[in-house]
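The next part holds the structures, each set out as structure tokens.
Both complexes shown next keep chain A, but they swap its partner, so chain B is in the first and chain C is in the second.
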Partner chain A sequence: MKEQTLGEFEELVLLMVAALHDEAYGVSILEHLEREAGRKANISAIHVALKRLEQKGLVVSRYGGITGDRGGRRKKFYVVTAFGKKALDQQYTVRTSLYKQIPDISFAKG
Partner chain B sequence: MSKVSPPKYAEKLLEWVLHDELAEEVLGDLEEQFYAHADRKGLRRAKRNYWYQTWNYLRPFALKPTKLTNHFSMYRHYFKLSWRALKRQRLYSSIKIGGFALGIAATIFIALFIQEEVSYDQHYKDQDRIFRMINVVDAPDEKSKWSHLQAPIKAVLDSDIPQIEQSARFIAFNWYNAGDNQFRPQGTTQSVYEKGFAYADPELLEILEVPFIYGNATTALAQPNSIVLSKEKADSYFPNQDPVGLQVILNEEEDNAYTIGGVMDIVANTHLQADFLLTLKGKEFWPGEQTSWDSWNYSTYVKLVPGADRQQVEQNLLAIRDTHMAATLSDNGGESAFDLQAHFRFLLQPVNEIYLTPAEELHDSLLHGDRKTVWLFGCVALFILLLACVNFINLSTAKSAMRAKEVGMLKVVGSFRSDLIRQFLAESVLFCVIAFGFALALVALLMPYFNILTGKTLELPWLDFWFLPGFGVLILLVGVISGIYPAFYLSAFRPAEVLKGTVTKGKKSSRLRSGLVVFQFATTIVLIICTVITYRQMDFILNKKLGFEKDRVVLLYGSNTLEEGQQALKDELKRLSHVEQATISEFIPITGATRDQNGFWLAGRRELDKSVGAQKWRVDEDYLQTMGMKLVQGRNFSEAFASDSSAVIINEAMAREFGLDDPLGAKIVNSFEPAYHVIGVVEDFHFESMKGEIRPLCLVLGGEGILMPLRLAGSDVASAMHAVEHVWDQFLPNQAIRYRFMDQEYAHMYDMVQRTSRVFTVFSVLAIIVACLGLFALSAFMVEQRSKEVSIRKVLGASLMQIFGLLTFNFLRLVVLSLVVAIPLGWYLMREWLDTFVYRVTITWDVYVLAGLIALAVALITISGESLKAGVDNPAKRLRSE
Partner chain C sequence: MDTLPKLPIRLLRWFCKVEYLEEIEGDLVELYELRAATSVKKARRRLFWDVICSFRPTNIKSFPLTNPVMNTLYNYTKVYFRRFRKDLAHYAVNTLGLALGFVVLFFILLYVSDEQNLDAHHSKSSRIYRVLEKRTSDEGQVQHFSSTANPLGPALKAEFPEVEEAARMIYLGSGALKYGENQFSDRNYAFAEKSIFQILDFNVVAGDPLQSFGGEVAIALNQSTARKLFGDQDPVGKLVDMPGKLSDVEVIAVYEDLPYTSTYQFNTIYIFRFEKFPQNFSGWFASWDSRGMTTWVLMKENTRPADVLAKKAPFMEKYFAEDVRGYHDFYFQSITDMHLGSSHLDHYGTEPLPTIAYGDRSFVSIILLIGVFVMVIAGLNYINLSSVQSLKRSLEAGIRKVNGANATQLKVQLFYESFITLLIAYGISLALVVALHPFFLELAQKSIPVADAFRMEILGYHAVIFVAIWVISAIIPALYYASANRSLVLVKNVFVGKGEVLRRSFVVVQYGISICLIVGSIVLYRQLEFVQSKDLGFSRDQLLTLDINSGAARAKATQIIAALKSSANVVNASTSSRVPGEWKYIPSAGLSVDRTHEPVMATHYAADQNWLDTYGMTLSKGRNFSGSDAADTLKVLLNEKAVEMLGLENPVGQTLWVSEDTVSKMTVIGVVKNFHFESLHKPLGPVVITSCNNPVLGIDYFTVKYSQNTAEVIAHMEEVQKQFDPETPAEVNFLDERWERYYKADQARSSLILVATIISIIISTFGLFGLVNFTAERKTKEIGIRKVMGATVAEIMSIVLKDYLVLLLVALLLATPLAWWMLERWLADFAYRIDLSIFTFAFAFVAVLLVSFVTVFARVFRLARLNPVVSLRYE
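Take a look at the complex of A and B:
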């Protein structure tokens, strides 16, 4: 299998899906991204990311019930797969280990 | 709540393009977000955001995959097949494309030209409130229109007509300092001859919304003796400097300096073209001029208040006629006042119509285009494009035999007819795309020549937002129009018949093809007729007996700066052996020169008769001889008669107008001077364009001004001018000599006619080429079709001539038929055009013979190559395959 890579934005969305456990769908992800990561995104960008994640097998989706403010359309909920969780774990390990290697000295002004 | 819902069309669009799996999710999310947005930021922003998001979905991941890619590969297939067909038939393909490209290039040129012509005066903020006043006389014995009104009308318009917000007067013809002058900034010594002076009221700048670089429209001309410069002139005299407040001198009149009130930046496509505007504020050209209702010199513009009704205003303007104008006239005579009220009225001409109304219609001295020319060229463009389409149709159907097997095969393996139609349409669109490419290259390449031809500065508007999309639409349109008939025709073949070999070989459509050939040649012949006739009219104008001798006359400009010394210069020049005669007068028989229109009456009948409008030209004793004009009665002015200061020489038209059988000794008056007595009658000479009648004119003594016409003695112009220049330098060492030749100035007047004639020539040559390309391909095809027949005939003993005749006769018959169709059409069109001239050539039958011969010869040459080849080919070669 080809090496799977996660883009920065994809990773953020994947994290959000994991964090929102069972409540993750387009609009909720968008709002949480905005609120918690301070990140403004287009809904279309989120859909693109979700489609990619789904193709890579990192998330799966199911349809929820009908709500009135969606014009009678169902929500599509996303959950992280085990594979997705593994990818997140991996990413996390890499980052923490790298982070720990930062020497504790003063930084150049940039 | 009911109104708060996502934009319907965006939803529709999404439902249409998104693949189904995604559609529900996306639409749901978008709608949910939409309501949230609508709550927080308002409905409009929410809607806008919804649309924005919608656009974001138009990308590969979201689009319905199956159908579109399928279509796409089908179209790729169509184009692949078309490309192969194109390559298989190189000759025919290149003829189809070449013809198309020429036709399209011609159309682009003409379209750009027309676009430029109709773009004049379309830029005003208050477009529909700006008018120029016109007066109309519609009497049984006199019908005329003109655009010049009297001086006091402005004050009356402003005070009496409430619907008029602003009014302004404008003088653009040569009159006092309007026209051309010697010009220099205060503080310099060298005067430079400049053209493009005009008088204007301060309000004109505001009405015509003239943009300003320095100063502003409200104040620029508000002070007496102020002047406004164009950007170009300001840049050349006062580079990188704000010249407002500086002074300039006209014609060395130091005591009458003008103060610069502003620098304007007139847009290119407006009828208002002036480099220097002099204010009319506080101006009175002679005592009583500003209050006189007798002299008509002012173009008058008005701006109506918002919502005013044009017809209503025109109605209200009649009050001016009935009060002010009638009052003056009833002082002069009852008859005139009565006539006035019965037949005279004002009209308002919308500002954007000024440019395309020819000068001959309203006698203004502005730069004009011509409505008729625009129409004519538009038709020519359309026809050339049609010719190219016809070529395409003709060749496609003619080659149908070649395609029949392909069509049969495709049908056998399961193509629907609709697929085939699409295939053939794709083919014609492909041809069209290639042809458009060539056409654009051609246009880009030939643009400089076209600009010379039309005297314009056009360019391809690559960067305009409409240009490329518009082009795409045009390609599709032309491609489909020319492809639709072949597509239906070719796709209708029955596979069984075709594959058995009983194909009709394109005979079924031969009648249509013949019709199209007739159409092509008829168009070509009409264009040839137009070319010949416009050429002849031009020739007629340039060589007509004018009543004066325009050759060997030199117009010497600028000697008025000598003031009293001007006469001495003239005498000195006359003494030269190279100079036959010299005169001082600004009045010359060239359109655009100084004019002075007056009302005249026979002495004693001023109270009784209508006035006769006539030019009054101030000349000197040598004028008639210098201009080569002939007296038909009486004598010239002479210094021997002291009384000649009140003498007048009238032209024949004026004598006729007064009904004078024996005009000598008659006394005539105008509104200003004491009576003149007629001492001579000069033969009618053309002093304006041949588009108008020769109108009444009279000559009086008092020549002065900027212009000194000289008649040269021999044909050695170079040495004559050398001698003249020598004398000039003695008199005016600080002023460079400046002169023009009258025959050139005269030819200038007819630039437009000359251009029309040249444009016709170019486009008829184009049309002929396109038609010939088509005919050539058709004849080649015909020869190919009948090659077996020809071979058998040869074997049986037919001569070359017989074969040649056999193959060409059909085509020649079609050309003759086209001639029959084209002649009445050409005659009608050209009669319409010639009607714009009072003095014109008559259309004689030899024009048609000439056009017919050209068409026949061209057709014969085109088809004879292929026919002869068939005639001399070895029949064995062609029959061997059987």
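Take a look at the complex of A and C:
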């Protein structure tokens, strides 16, 4: 099978799902993205990213219970799968190892 | 707590996949509730936006076709495209041929509509007329001019209550503009009265052309000229010069560049108060026996020019002296007729230059006819091929019938499929129209923006053509379906053989049109070739002309010629009143041996002694001018035609009465071999040449014959001009370019026709290929049997080819007289023309024959070579 790649935004959403463990659904991800990553997105972009992640098997979803909020509509919660966690780990390792290779010299003014 | 807006939610529910709906809707509602806490209005807006953002392919549900009609059409579409893939060659050829036909017709429609709508953009165009004059000379020669008697305009306005406004304009030779150091020549101007701004449409963007001003003249510029002259500065109020003519003229208005639909696209209008015109001119401007001004009138609402013409007699008597009345009979031409209705006009030289040269009504009809021809070829093709195709599909029809379809449904299917093909072809043609638009403009010498190809009027024509082809192409096979209604069974080729006569007659028509178009193109090209290669009696290569635009240059002509000759690259230089190819009125003079006979009217040139050598003209008798004033005055040269018409036995030494404004007795010193200085549309006439030292006719041009280094020679000429006449910018022209102007329109037209012809032949070949393909499929078995019986490949080929040969012969028989008649009419317009030759027709015949044989051969040869075992097993 062709190795699946993660888009930048997808990776961000996946991280957020992992971080929000068990509390990750559309609106909460949107809010945390804005608050913690300073990233403004449209809710539908998050929906699409979640669908893709689910298709790739990186997250799984379940419906929450019916509450008075949201006009009685259930929330759909997302959790990272073991495969998803592995993908994140791999991504992390690659980046840290690369980060460590940065020579300790002064940088050109950009 | 406010309520949730319903509309966006309903929209979301409509398009969103059910399995995603709860999540998306829930999140949107939650967000809405959060946002509504701060601002309800904003929250509503954001909700709506979120819904729109959610309209993504991932979220959209599939819409099942529950509607039976949609379902059927879906099935038809699917079957159509399946067959398209299976029978790719056939469908591609069919669709492409049709698209090509559309493209040709659409371009021609665009061309014709542009030709017919020129100058129709003026808001008062239905009331604007140009006054034309008919001059009947004492010898009975009739000429029409757009230059009228100068005082005609104001008099028309004063005498006739029907005339709401009148304006006069005039062109007085080459012009230029100068502001500070910035100077360029500008021939595209008119001197006009300010009322022209009340008659024609000008979009004034700065200043006011109607304001009163001191002095006799002010200037209105178009935007491009204003930018060229002043850059970013504000033009209004600036003083500019017209070198050699006017100085310190105030710019009082700037108007938008006139639209591409204007015959006249003036860069500059010198607003004149002609009554204040200076010195020596004013008498001429007031004279009723003058010719110069172009006169415009604006008629009042609900009046017609006929109302004025009805009261013309007393007007003529009042203003025109009896002896000049015949020279100035006037009539009106609607501004919208100006472009196509001016081919009868003679050039006088004081008309402002039309930016778009006058057109030719008969060519518009010809090109429209060709467009229709090409479309007929493409249409017949399509009808033939699609009927053949649908007949081949009787098996499918049978199965549909067995499954319960009735005849009407089968016909609907035919119409529907035809519609899809047409739609694809139409789509392709529109794309091609956009893509080929620059090429078309180049070819047609036009400047029509591409958006104009999609004007409502033109789209209307598209729709008519589309529907006509659609209905006709579908109705023919539909009729077969109807007649075979009951017996329609599961047999593969039940219809094969039907409509054979119709198809054959279509092929005959196509062949006929192709032959007509080929013959037409050949004759057109041969005629133009003939005209261009005809020995003109002078050499037009390596000649440059320099206009004489001022008295200063005219007075120093001898020194200027000497200076021009000083360059090593200049072989010869001369001066004359006119040069070949110039569209300026060439004056005539009357010639008579004794004053008792009617004079022979001859074209009159004035020239110096270098003129004949410069142009490579030769004397057949006598001698040239000597170059000394005293010896040359009262001496003339004649051309051979003039000698012949005067009936002179010994022309040299003969005395002649030459009458122009005055009558003088002159002596013939030489005879020049005939030369053509004017378009070959005109027959060769008698010519008289007087010396340039003679005061009768002024000189207007220098001509330089050079050997090499064109750029250097031009620079040298400009230098000489600057030296002797620093006021006026030099106007240098290549003589052969000017000469070609006579045939520019002809050339543009013939290339249009040629391209249309080539495309029509391509389309015909497409059609033939499709038909042959069909015949081949049908005859597969027959050919197999023939081979088994011992027929050779050649014999089999000849059976099929013979079929088409017969059709082609019939077409030739029908097309020949038609093409002959039309081309005779076209050629009648040329004074020097080729004769129609039977070989042209033979050539066209052979060309079509070859193309169709190659087509037939390519398909049938394969079949004829086939092992009969294979072909017998077919079906």
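We adopt the following convention: the second predicted complex is superposed on the first by the 110 of 110 C-alpha atoms of A that agree within 3 Å, B and C clash if a C-alpha of one lies under 4 Å from a C-alpha of the other, contacts with A are read in each partner's own complex, and residues count from 1 in each chain.
In this section, a contact is a pair of C-beta atoms (placed from the backbone, for glycine too) under 8 Å apart; a residue touches a chain by one contact, two chains touch by 3 or more.
What you see is a predicted model, and the numbers here were worked out from it, not measured in a lab.
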Looking at A:Gly26 after the superposition, I want to know if it touches chain B, chain C, both of them or none. Which is it: first, second, both, neither? both
Partner chain in contact with A:Ser44 - chain B first, chain C second, else both or neither: both
With the two complexes superposed on chain A, say which partner A:Lys75 touches: chain B (first), chain C (second), both, or neither. both
Doubly contacted chain A residues - partners chain C and chain B: 25-27, 30, 42-45, 47-48, 51, 63, 69-71, 73-76
In the complex of these two chains, what residues of chain B are touching chain A? 5-6, 22, 24-33, 35-36, 52-53, 56-57, 59, 61-62
Of all residues in chain A, which touch chain C in the complex? 25-27, 30, 42-45, 47-48, 51, 63, 69-71, 73-76
Can you check the complex and tell me which residues of chain A touch chain B? 25-27, 30, 42-45, 47-48, 51, 63, 67, 69-71, 73-76
Okay, in this complex, where on chain C does chain A touch? 4, 20, 22-31, 33-34, 49-50, 53-54, 56, 58-59
